[in-house]
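The data blocks that follow each hold one structure.
After this come two complexes, each holding chain A, first together with chain B and then together with chain C.
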Partner chain A sequence: MSATNEKAPARVVVVGLASCFGCQLQITNIERHLLDVLGQVDLRYWQLTSSDPMPEEFDVAVIEGAVTTEEAVRTVRELRERAGTVIAIGACAVTAGIPAMAAPGFAERAASVYGDEAPEACGSLRPPAPVSSVIAVDHEVRCCPIDPLDFVDTLQRVLRGSNKAVPTSTLCGECKRNERGCFYGRETLCLGLVTRAGCGARCPDLGRPCNGCAGLSPDANVASARAVAARSGVDPARLDKALELFNTVDPSLASKG
Partner chain B sequence: MLYRVIDAAELPALVDAFMERYEVIAPVRSGRSFAFEAVGSFDDIVLDYPTTITSPKKYVLPPRETLFEFDAAANEVADFVEEVTPRVIFGVHACDINALNSLDLVFRDARYPDPYYAARRDATMVVGISCTPSEGCFCHLVDADEARTGYDLFLQDIGGRYLVSIGSVEAANILEGACNPREATDEDRIAFRHATRRRQASFNPDIPNIQEVPMLMDAFHSDPFWEELGGRCLSCTACSSVCPTCYCFDIRDTMDPDGVHGLRERTWDACTSPQFAVVAGGHNFRADGRNRVRHRMYHKLNGFMAAHDRNLCVGCGRCVYACKAGISPIEVLRFFERKGADDAD
Partner chain C sequence: MAVTAISIDHIARIEGHGNVRLVIEDGQVLTCQMEVVEPARLFESMVVGRPFEEVPYVASRICGICSSSHVVTDLRAIEAALGVSVTDRTAALRELLVYGSFLQNHATHLFVFSAPDFLGHRSVFPLADENPALFDRALALKALGNELCTAVGGRSVHPITAVTGGFTHELTAAEYRSLADKMDAMADFAVEAVDLFDGFEVPAIETAGDMLAMVAPGRYPVCDSDTARFVRAGYDFDCSQVEAEVEEYPVGRSAAFLARARRTGSPYLTAALARVNASWGALSQRARYAAAKAGLRPPELNPFMNNLAQAVELVDVLDRCAGLCRRLAEPDGFEGSSEPVAFEVRAGEGVGFTEAPRGALFHRLAIDADGRVARANILTPTAQNVANLEADMRLLAEKLVGEGRSEAAIRLEVEKLVRAYDPCLSCSVH
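This part shows the complex of A and B:
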């Protein structure tokens, strides 16, 4: 799975699926480091910057966006076959994010918009799903949008390896390191209780409750979080509802209920 | 120990004198709570703060610190020497002084001295202050309600004046220069005894006083209680983020975006983090909340005692507030109380 090659730099492709393209755009927002980063790889394809066709051979596939069509399924399978390493970036690719809000009752929703048959340009529609539900994903860069330096850090991990653990703890620990009080003390819903840490609890640090864009932690204790909400005067149903923004198709939600 | 008395009105002059030579860290208002921060004026300091979200630990063991720098292209390591700011942490409660003393036992262990910790600790003066226990305080149950050592000055509020315990020559000189410290009178000593009694009477009586906690921890190691307590864990590590004595750390390399320069960093870790006990090969020795929470409580109330003859938990109560799932040493004490009642039936 290592894409390291002593001689030639790793060949990288960046592919966008169903998304706002904001995470690809975020990569360009590291102006100060962009040339440094691009200098470490052989960028073969980037949908955002060129309409040239995707090359046949590459080492690292960076995928943004949710899988929402059969064509996208084929695309990511082809990427997996050719790439030594697959990186999913952004909430849409990692958790199916906002596109996944359409997943429950998807056929009816599509019919209500397009009638009997969706236009050909839509492709062959399927319920939105994270990339990892179709192929094995080696690395994930979370959040909506991604932190571009987090992307660079992940790229470095692929290029050189890393001794950094990827924790699955939830957000409140980072929030406390920021020395912030708790929204639940103010009867305010916050998804930090169940959302994966790693972002540095930035939104709570700026005075906004966590909306869960990093996705549910595999170690999330949703039942306990509901109990916290109830004790704090927040209707637990609101917590479940808020989780739909980025976690509608999280397979653990049904079982953790 | 040397004792002197100063008037409350002399405190600003004392802080000013420290500010001339040191960065002064003190409790200030932060949102709805309080935090230790650098202050520029005595007026910013809230001396009667109940507690702070995190502890002064961050000044001797920062959440993230650089150990050294490296150049991956040249394969070279540059010894990193941190410029340590000489500091006074002003207004530290007895629990937190005891916590620093426990950290000293770990990081200044003669067998494995930690130069990074020692550099910061050596450059840090501690001025303690007496306090009134809050609802979540139980320092008196873990023998941490009194700071016997580990401070440069300790200010005991005895009503309009402070009985000052002097712990270092350096601090004594600053006290002498800034204030007019006088000998304690019988009246001062009586006021001190009254203040101490008032404080003792202020602890939350609903927190049970359990004897032989370390022994009970061993006796009830397999009790279903741990499943009940750990089953609530949110795996957020807020407990250790606020704990004044959690000292576990991770070490990792952080690359600069240029892919050449990097830092070897030390960051706080937590035994309540799901990956804490993962070893090479992927096995996790504490794979669930039950095992992780139990382990944390054992270290706080049993394990450190076995190694160092003192409780690692100092009863500061921060985790009582930080843990939204209601997991804290107080729950362990209550469990032992219930067990005692069961046995009596």
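This part shows the complex of A and C:
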């Protein structure tokens, strides 16, 4: 969709599925820019901030959260039918993220929390999946939580058009430019070796290894990363375990394994 | 026979997904239910078998708004299980992190979620034109909470730097002083916020339930005491006994478990209002004066006054944060460094307890000898509050029906009550 030739501002809805709401919150956390951003769009529905009802017609659907119920499957299909553009924001929507850690043995896990029968209010539970496994997604804003300025940037691309390419390389390159040294030199596990770049390596810059919230990079060489870990005194099995944090249901993890 | 059914699907301007069902027949409130329909993510099962270090990182994702609280609570649970003691400096930084989430949460709740109800709007945005000074300062206060969380935790949502035993990064003395000055600069507005919410008219109801808050002698604790108090029944318990004192029970209409005190069978409220009732005398002087001026003194049993209690806490938190930041800027302000302390991994079990912005938060963790999680239990403030909220909704509806108020008026007041509880439904289901 391109709104460049249209006079009316793009009509936007923001919808939350299974998530912590942190990515929607991140959008409100750009206080100084919030009205500038909202001034460019016709925000039709944002349940977090307004009691206005969901409209029938809109141009852009922003979806946060993983798909974890049959009801959510219907919701995203409806959104896809009505919206010209779909933006998935945050790890939950993009890779099914942390909720997907519960995907293996999902029914047994639900039973361990709720007993034999989950409350009616839970809806029809299904194993957590990314939005893109149900509908076509036009744009992704990665990480957990999103960097709100990445969201603004993506929205600009949707509204104004742009051929800016999404990075596919691994985080290591970005991290090296921060000149903070490498965790593997300190026998410490870090997922920057195989995680998609784009965040500027914020966590390693603050002394915390990468947990892989941007998801696996298409350029990742997991076998080689295991070898690096082993050489650096880190058990490769720990690398595999840590990769589950954000990639449990990513089919490319299996193919790269 | 006159039957009125009020259904509010997907209540707006709260955190998460919830519905209200109210049926009134011939002036009698027959049904009064809060349905929590937030998707279940099964965090307690998710962390079993994971390395213990991952748990705060994973549990943070229970809720974006309360992420700092979940992280600090889990760190306390891990440290209780492994027998780790942190330095005073680390404890002070954790307090700052929790207070940052208080500022962020209370400012968002009061101005973005709650105030539009009282100012006749459906969202906060019309306020930008109508009262730009209020709008700008409200957002500036919320931004200051984010700035504090970002300064201490590395990010406003899902902190990065807080780990078992300490912090991976710290600010410079100049940065602490600058933060303290910003806290001071916002204090007058926080006092005005107390006056603003004092000016909003609310129905006079009194909750029949109890109130639960963290307590410590002579202080207003948020993350460094193990003692919880049922304020009205008047007894204390150690957080390690939380499951023995609080019963969680399932109801089909809610994906969250509900809760009641085992000793009394009473539902209860845990929130800013419970804290103010429990520790009023230990509020900062400025906060106590503001509260007294607004008529907020213990015992205050009107749940609508939770808004006012949050505004009073804004004043209190700004004063406390300014003091903490100035002390952190001094070379010998706090004993020890915030660098993570060394510890041995061993099998153990512990309960972490903090006051999250919305109330008492408990995490229990059992860790095996290899450092993997054997069992986890999470009790969030909102899960504890839902039963009391339903009871208060019934009280309110009965009162309004008795006064012959219109369906639209009842609907709005019930929504206002739900928002006054500041529910966090993502947390409640987790």
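Assume the second predicted complex is superposed on the first by the 250 of 257 C-alpha atoms of A that agree within 3 Å, B and C clash if a C-alpha of one lies under 4 Å from a C-alpha of the other, contacts with A are read in each partner's own complex, and residues count from 1 in each chain.
FYI, a contact is a pair of C-beta atoms (placed from the backbone, for glycine too) under 8 Å apart; a residue touches a chain by one contact, two chains touch by 3 or more.
Here the structure is a predicted model, which is why all the values come from computation and not from measurement.
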Superposition on chain A - do chain B and chain C clash or fit: fit
Partner chain(s) touched by A:T68 [first = chain B, second = chain C, both, neither]: second
First, second, both or neither for A:P104, with chain B first and chain C second: neither
Partner chain in contact with A:D153 - chain B first, chain C second, else both or neither: first
Touching partner for A:G233 - first (chain B), second (chain C), both, neither: neither
Which of chain B and chain C A:P55 touches, first, second, both or neither: neither
Chain C versus chain B, contacts on chain A by residue: C
Touching partner for A:R180 - first (chain B), second (chain C), both, neither: first
Touched partner set for A:N211, first chain B, second chain C, both or neither: second
Minimal inter-chain CA distance - chain C and chain B, angstrom: 13
Overlapping contact positions on chain A, where the chain C interface meets the chain B interface: none
In the complex with chain A, residue positions of chain B that touch it: 30-33, 35, 52-54, 63, 72, 231-238, 240-242, 250-255, 257-259, 268, 270, 272-275, 278, 289, 322, 324-326
Chain A-touching residues of chain C, taken from the complex the two chains share: 10, 12-13, 15-17, 35-37, 39-42, 44-46, 50-51, 54, 57-58, 61-65, 67, 108, 112, 116, 122-125, 128, 139-140, 142-143, 146, 154-158, 160-161, 163, 168-169, 250-255, 415, 426
Chain B-touching residues of chain A, taken from the complex the two chains share: 30, 33, 36-37, 40, 149, 152-153, 156, 159-160, 162-177, 179-182, 184-185, 192-194, 197, 217, 219-221, 224-225, 227-228, 231-232
Chain C-touching residues of chain A, taken from the complex the two chains share: 16-26, 28-29, 31-32, 34-35, 38, 47-52, 65, 68-69, 72, 97-99, 101-102, 106, 109-110, 112-115, 118-123, 125, 128, 144-145, 202-203, 206-208, 211, 238, 241-242, 245
